[in-house]
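I have a structure here, written as structure tokens, and I will follow up with some questions on it.
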Amino acid sequence: MTTTQDYRSSIENQWCPGCPNYGILTALERALVALGRAPHEVCLVSGIGQAAKLPHYLRCHAWNGLHGRAIPAAIGIHVANPALTTIVTSGDGDLYGEGGNHLLHAFRRNPDITVIVHDNRIYALTKGQASPTTPRGEPTRLQFDGVEIDPAQMLATAVVHGCTFVARGFAGDLEGLSTLLARAIAHRGLSFVDVIQPCITWGKHPLAWYRERVVPVPTDHDATDRNAALSLALDSPDRFPVGVLYETAEKPVFAESYRVRVGDGPLARLPRIGRAAIQARLAAFVVNKD
Amino acid sequence: MTTTQDYRSSIENQWCPGCPNYGILTALERALVALGRAPHEVCLVSGIGQAAKLPHYLRCHAWNGLHGRAIPAAIGIHVANPALTTIVTSGDGDLYGEGGNHLLHAFRRNPDITVIVHDNRIYALTKGQASPTTPRGEPTRLQFDGVEIDPAQMLATAVVHGCTFVARGFAGDLEGLSTLLARAIAHRGLSFVDVIQPCITWGKHPLAWYRERVVPVPTDHDATDRNAALSLALDSPDRFPVGVLYETAEKPVFAESYRVRVGDGPLARLPRIGRAAIQARLAAFVVNKD
Amino acid sequence: MDEQSVFIAGAAGEGIQTIGDVVARAFLAHGYPVFAVQEYESRIRGGNSTHRLRIASAPANAPRRDADVLLALNPEARNHYAVDLRAGGTLVASEAVDEQTIVVPFHDLAVEHGGSGLYANAVAAGALAAVLGLPIEIVVRTLAAAVARHGDAAVAGNTSAAKAGFEVARATLGGRAPKPLPKRENVYAFLSAHDVIPLAAAAAGCRFMSAYPMSPSTGILTAFARDPELGVFVEQAEDEIAAIEMALGASAAGARAMTATSGGGFALMVESISLAGMIETPIVVVLGQRPGPATGLPTRTAQEDLLFAIHAGHGETARLVFAPADPQDAIEKTVRAFDLADRYQIPAIVLSDQFLADSRFSLPALSLPSEIPDAHLADPNTIDGEYRRYALTEDGVSPRLYLGQAEALVYLDSDEHTEEGHITEDVRVVRPSMVEKRLEKGRRLRGEVAPPSRNRDEDAETILLGWGSTKGAIDEAVARLRGKGRRVGALHFTELWPLPEIAWRDDVDYWTIEGNATGQLARLLASDGGLRIEGRIGRYDGLPLDAATIVEALA
Amino acid sequence: MDEQSVFIAGAAGEGIQTIGDVVARAFLAHGYPVFAVQEYESRIRGGNSTHRLRIASAPANAPRRDADVLLALNPEARNHYAVDLRAGGTLVASEAVDEQTIVVPFHDLAVEHGGSGLYANAVAAGALAAVLGLPIEIVVRTLAAAVARHGDAAVAGNTSAAKAGFEVARATLGGRAPKPLPKRENVYAFLSAHDVIPLAAAAAGCRFMSAYPMSPSTGILTAFARDPELGVFVEQAEDEIAAIEMALGASAAGARAMTATSGGGFALMVESISLAGMIETPIVVVLGQRPGPATGLPTRTAQEDLLFAIHAGHGETARLVFAPADPQDAIEKTVRAFDLADRYQIPAIVLSDQFLADSRFSLPALSLPSEIPDAHLADPNTIDGEYRRYALTEDGVSPRLYLGQAEALVYLDSDEHTEEGHITEDVRVVRPSMVEKRLEKGRRLRGEVAPPSRNRDEDAETILLGWGSTKGAIDEAVARLRGKGRRVGALHFTELWPLPEIAWRDDVDYWTIEGNATGQLARLLASDGGLRIEGRIGRYDGLPLDAATIVEALA
């Protein structure tokens, strides 16, 4: 049986001591163990940023690629080897800023991957510029007089696109987050989880500030109700409903029709198309004598 | 007084005869005339595609740039010369596919520009591949067995981001469209108009098919009501509410605080910062003897 | 027969594609090779375009810039291309320009004989048969085969229309009418380089293709989608960055993967080319060149992206850059690109262009390379202890496992990394050794690349140096110059980076011939081959290089 | 005084920045120039990093690879950097390694004398003063000025802590304590190249800066934002593509505009570089290099993007590539980049690197170029008839109006275009003439670029060729080699593209010295300068080139 020990990495963690990123790391580890996934069945995918270093700190397969490009890489990995549990774990700047277009179109595709956004509302690794989720008015190390534009509404954007699993998590709630991540990973289709992860170095508010404002999604919330999901998803300055906002199983998963044709194994294991089949196609270019 | 004659260009139009793009062109011309804008007060901005050729066919300033990059270029133009009425007019592939990230973040910025999307639900210039708005199931010249992913919901995405003017237009209704575009252009802040523009060469449905399904936004629709706007904005397979879906004047326009500092003229006319001011700053690096 | 250069001119949407196709196939069926070039504007309807056929007794797979016969479907096209018709050439048009015009009222004859203006193309094809000495039966049979799926009425209409065109043209030609060409037994494959790239890729084991449409490479994406039996997963990405990143992800997870684009799309992939170098993940990128900069001339041809491809990406990495010369070569280069990309775990760029994409060659036979190696993956059973994705080895190549291949965990990292694939800041030992590892692959690659092909260079006093798609034109120029007594030869590069080692002679004048204005091959041969050239010929108008232009420039 | 190389080592967040800053400023205030290098990891807390000060009587603005004094704030840093301490050098640490260690319990003294562990940095600064012979009063005054805004308690705490550090260190030094350095009258500016680029840009009339954060160039964006009086509009874009496109749009609408990034971000801008060439719209791009490929070593230095910058973009266009050598040069190059970009309507790329971004030089004085030309805009009153944005002219430069400048309508087009700026498919006349127009600008530019600066090359037998930020190290190497009797000189390039024309001598050996592994300058000089080099020295570990490394390599 898989235990958290199997996931423990010996790599030195570069995060600041006390960073809520550790909470996400532990919650993810627990979720994977709870689901009984072995490390070699899991592939973490990230871009660049503080959050994006996570894959180095869990023992499993990992792709730590370019800033902003985790999603398309994860989609490629997912198609090529569907046996892998593919999980994107990266920052808000990475996934909503540089990589915004990929996330938008991933909502449309519904690949069977999980996307965990470490939403610290800041560009931490580059030392404190606004991220797409920094609230209007908040001063940063670049927007000295406060951010002058509105934050991105990616949870709501996911909902209007019918993303099949949309959730908000809180890095300060290990218990709740690991349960939520387990649900997200188990979900078939795109699971999108924005995790509130207050940066203790550059952030405006400490974990405690968020703890006071985090509320569970109401118990009577119908996660299949798009409008209800939307009102929970839309940013409010001081109330953060945590839990599954929207969920539906109604949509085909990305690449399904292809899978029906070639089966579920890794593409590397499929037999290569025969020489004869190619030669026949080449021969078809010969214009026959009449 | 400006007349449509002032906008007439002698450039040969490369669109297919009968293409609804002509409707958008004429409606735009009429809207500009109705608003009394002279050609040299207007700058059209486009990317690449059939739609994106429009700026060549109206006599006014124009930037016909790269595929997908009309929005940031328009934002730069708008900031540098706010005296210009800056209008993006480009295709659905251009603005929602390649350029999706820019549109998403433009919703957040609220620059005082107008974005007109020629939404023909296809990549026309490259000969008929799916665009981000091609409905699921529709076969194309690339998706031979039908598109297998969901269309993008950019109107709804605009609404959840509080884009200050969100509308749907129909290229087959010259009258209605020119009125709508005039309103959009007159609006202060980002005006986003998705215009249904059936491609008669690669499209699945003729203009007539759409004409039967286009309905005006209900007269009692409250365009400041986000939820009401959302239900009109979300794609439905066979009903297209046309008109202003959402409108608000509540938000600051992009670059407002900068404008307060430097005034409203073109940046090119601002006096250059004095040598002395720079020299003083350079001198501040000198570590004085104590 | 005398060689015939036929320009079929008209507006987009008017059917020059169909006419050229039918006439070409009819000639091929009759045993005569055809070389067909498409020249068109970036629009869906209207404008001026030509379908250019070069028909000869032996394959002449290179463009001709002048026409022996110009068939113009409309007056604008007729005027536009009149300058290309050689003196004494034949004009076929619906109305007379002078007494020599072969007047064929395409539309009217179609209505009269076929029952619909839709058959105007058949009239034109029939007329060309008369002008070129092609028996009308062959055209009729070719047409019938082409339209059979539209039913008997279509076959009948086309047949009558073609015959009418033939008769009217023959009558007008009168004594000028050529005698019917004898049937020959030769058989040719008729196809473009982009027709075979997808097939060669599939043969090489390609399993994943993601791309964003862009002329002239869209056809490669489409071909995979049209032929699901190839088993290749096909995805239209939201942009080119996603296209290459999806392919890289797939490659890292074990699927041989590729993408295809043009210069503008490739520009967007540049960061990921650098990534492929860093994470040592194979990928094949077809870069179909067209004239730049920026959007440029989207439907025309150029060779302007050679140095861009070689230097694309920040930092320093090994890569391959190939530029096939023709469809058969495209098969070989595609297979080799997949193989070497995989063997050295690097990006491989295949430089094609609009000319190669849209021109159909007549080739005697096509063949796949006799051996197509399997993916060069490591055997997980040979991995001892912790798997080191970037293990230092003598040749710089580490045993590669894909993500999820085995229990051994694979870490891919875009930062500078340890052998295990983890972020490192060790600048003393790890960084330098990783730089050397990655560059060692490039040094080894230099031993793999093929030297330029040789054409009568032994006794040459002047040697023409070319690359990629211009081979046909250059070889033809060599033959023509030899015909004039000039001691000319050629060396032609199709594997350009790493640049193969060449022993230059100092008793010859070297000239570069390229489809660009700045002499990119010339600069490459100077920087990496140690060669000083004598002169260079560049074409940069968007049209393919042709022999006459080269011969003139060297006169 | 003897030159002193001081490494202040610790973890990110521990305060080496502050300590180095205070000590450097104290020395400067005392009349001694300091050169300060930052070496750190890509993380916010922890790891190993150094702030390296080189203190001398005369400016020595180049890095030293070894330390005379190592002050280590923690044991890990001490162990890590011990190898860099020269034999006989002084180690300052909280606990003894051997008998020579100057033991200064930073934290404990801070608590004891300052009342808080927060003052450990002041203890360290005081200790360094003792080791280096700097009067403690100056350190105290410098510290006080630095912390004044935190109130009197902070000033008092820091003062006591610094004094305690000084006393403990001096006591331990005993007879080894240096005598206090005399005060000198010299005054220096102390700053990095990235400190002045924003100021020079503003002086050149820059009005618009859009960028996406990326080390090592983020500071340029921040500097504009911090100083609104400069009047520059500042925007953090959603990605690098948006950054450069916004800037290009602004430029087309009349605002001198720039962006700044590193290699990975520049890779994303490549398509827009090609666009700038096509629409002939000026733009200045600062490319702060760091080691690649891909994410590489984000906080380290390299010179790996020279050929990438020169060849970035599909198609062929004119451009400028500059690489300043130091802060004063950065002022000049920035102003020149804006001016020439504007005059020739082209993109100008300024190659900087992490070393230039983060290293502070001591310079006697800084000055702006005496003339800073205005934007080279056309006068609308001189426009007759329809305005032709791309009018063909002898030098390829068309009179430029910005969007909305006048009633004359401006069309900018990324397709191949007519003189009026409209899409064209005219391959016979318009396309070739537009290609020649755009490239003519490059030819003219070659007459504008400055030749390399010369250092004792007249009688040299060996000439070192370098570019950009390595000038200090190379000049120092020349001086040292001359000191050993070697006839060595240097030519240093800061304007690299177009490559200036140079008359090479055949009686000398040319060596290239670069911060990369493949010899990019060497390749450039071969392809475009006709030079065959004798040898090359490359450093590619992420650290800046230093004189000792060069001297050794040439031994």
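So that you can tell them apart, the chains are marked A, B, C and D in the order they are listed, and the count of residues begins at 1 in each.
Keep this in mind: contacts are C-beta pairs under 8 Å (C-beta built on N, C-alpha and C of every residue); 3 or more make two chains touch, one makes a residue touch a chain.
All values reported here derive from a predicted model rather than from experimental measurement.
Looking at A-C and A-D, which pair shares more C-beta contacts?
A-C
By CA centroid distance, what chain is farthest from chain A?
Centroid comparison gives C as the farthest chain from chain A.
Between chain A and chain C, tell me the centre distance in angstrom, where each centre is the average of that chain's C-alpha atoms.
So the centroids are 40 Å from each other.
Mind checking the centre-to-centre distance between chain C and chain D? Centres are C-alpha means, answer in whole Å.
It comes to 44 Å between the two C-alpha centres.
Centre to centre, by mean C-alpha position, how many angstrom separate chain A and chain D?
About 37 Å, centre to centre.
Take the average of all CA coordinates in chain A, do the same for chain B, and state the distance between these two points in whole angstrom.
Computed value for the inter-centroid distance: 30 Å.
Got the chain B residues that touch at least 2 other chains?
Within chain B, residues 14, 48, 65-66, 97, 100-101, 104-105, 132 contact more than one other chain.
What residues in chain D touch two or more of the other chains?
Residues 41-42, 47, 238-239, 241, 264, 271, 275, 279, 294-295, 414-415, 423 of chain D each touch two or more of the other chains.
Can you tell me which positions in chain D touch chain A when the two form their complex?
13, 41-47, 212-215, 218, 221-222, 225-226, 236, 238-240, 264, 294-295
Within their complex, state which residues of chain B touch chain A.
Going by the criterion above, the answer is residues 97, 100-101, 104-105, 107-110, 132, 145, 148-153, 156-157, 160-162, 227, 230, 233-234, 251-252, 254, 256-257.
Taking the complex as given, what residues does chain D use to touch chain B?
Interface residues on chain D, with respect to chain B: 25, 28-31, 138, 141-142, 185, 187-191, 195-196, 199-200, 202-203, 205, 207-208, 210, 227-231, 233, 235, 237-239, 241-243, 245-255, 257, 271-272, 275, 279, 331, 366-368, 372, 374-375, 377, 402-415, 421-423.
Per the contact definition, I'd like the list of chain B residues that touch chain C in the complex.
14-17, 48, 50, 65-68, 97-98, 100, 123-127, 129-130, 132, 141-144, 201
What part of chain C is in contact with chain D in the complex they form?
Interface residues on the chain C side: 41-42, 47-48, 241, 262-264, 266-268, 270-271, 274-275, 277-279, 289, 291-298, 300, 302, 304-305, 307-308, 310-317, 414-416, 423, 425, 427-428, 431-432, 435-436, 438-439, 516-518, 523-524, 526-528, 530, 532, 540-543.
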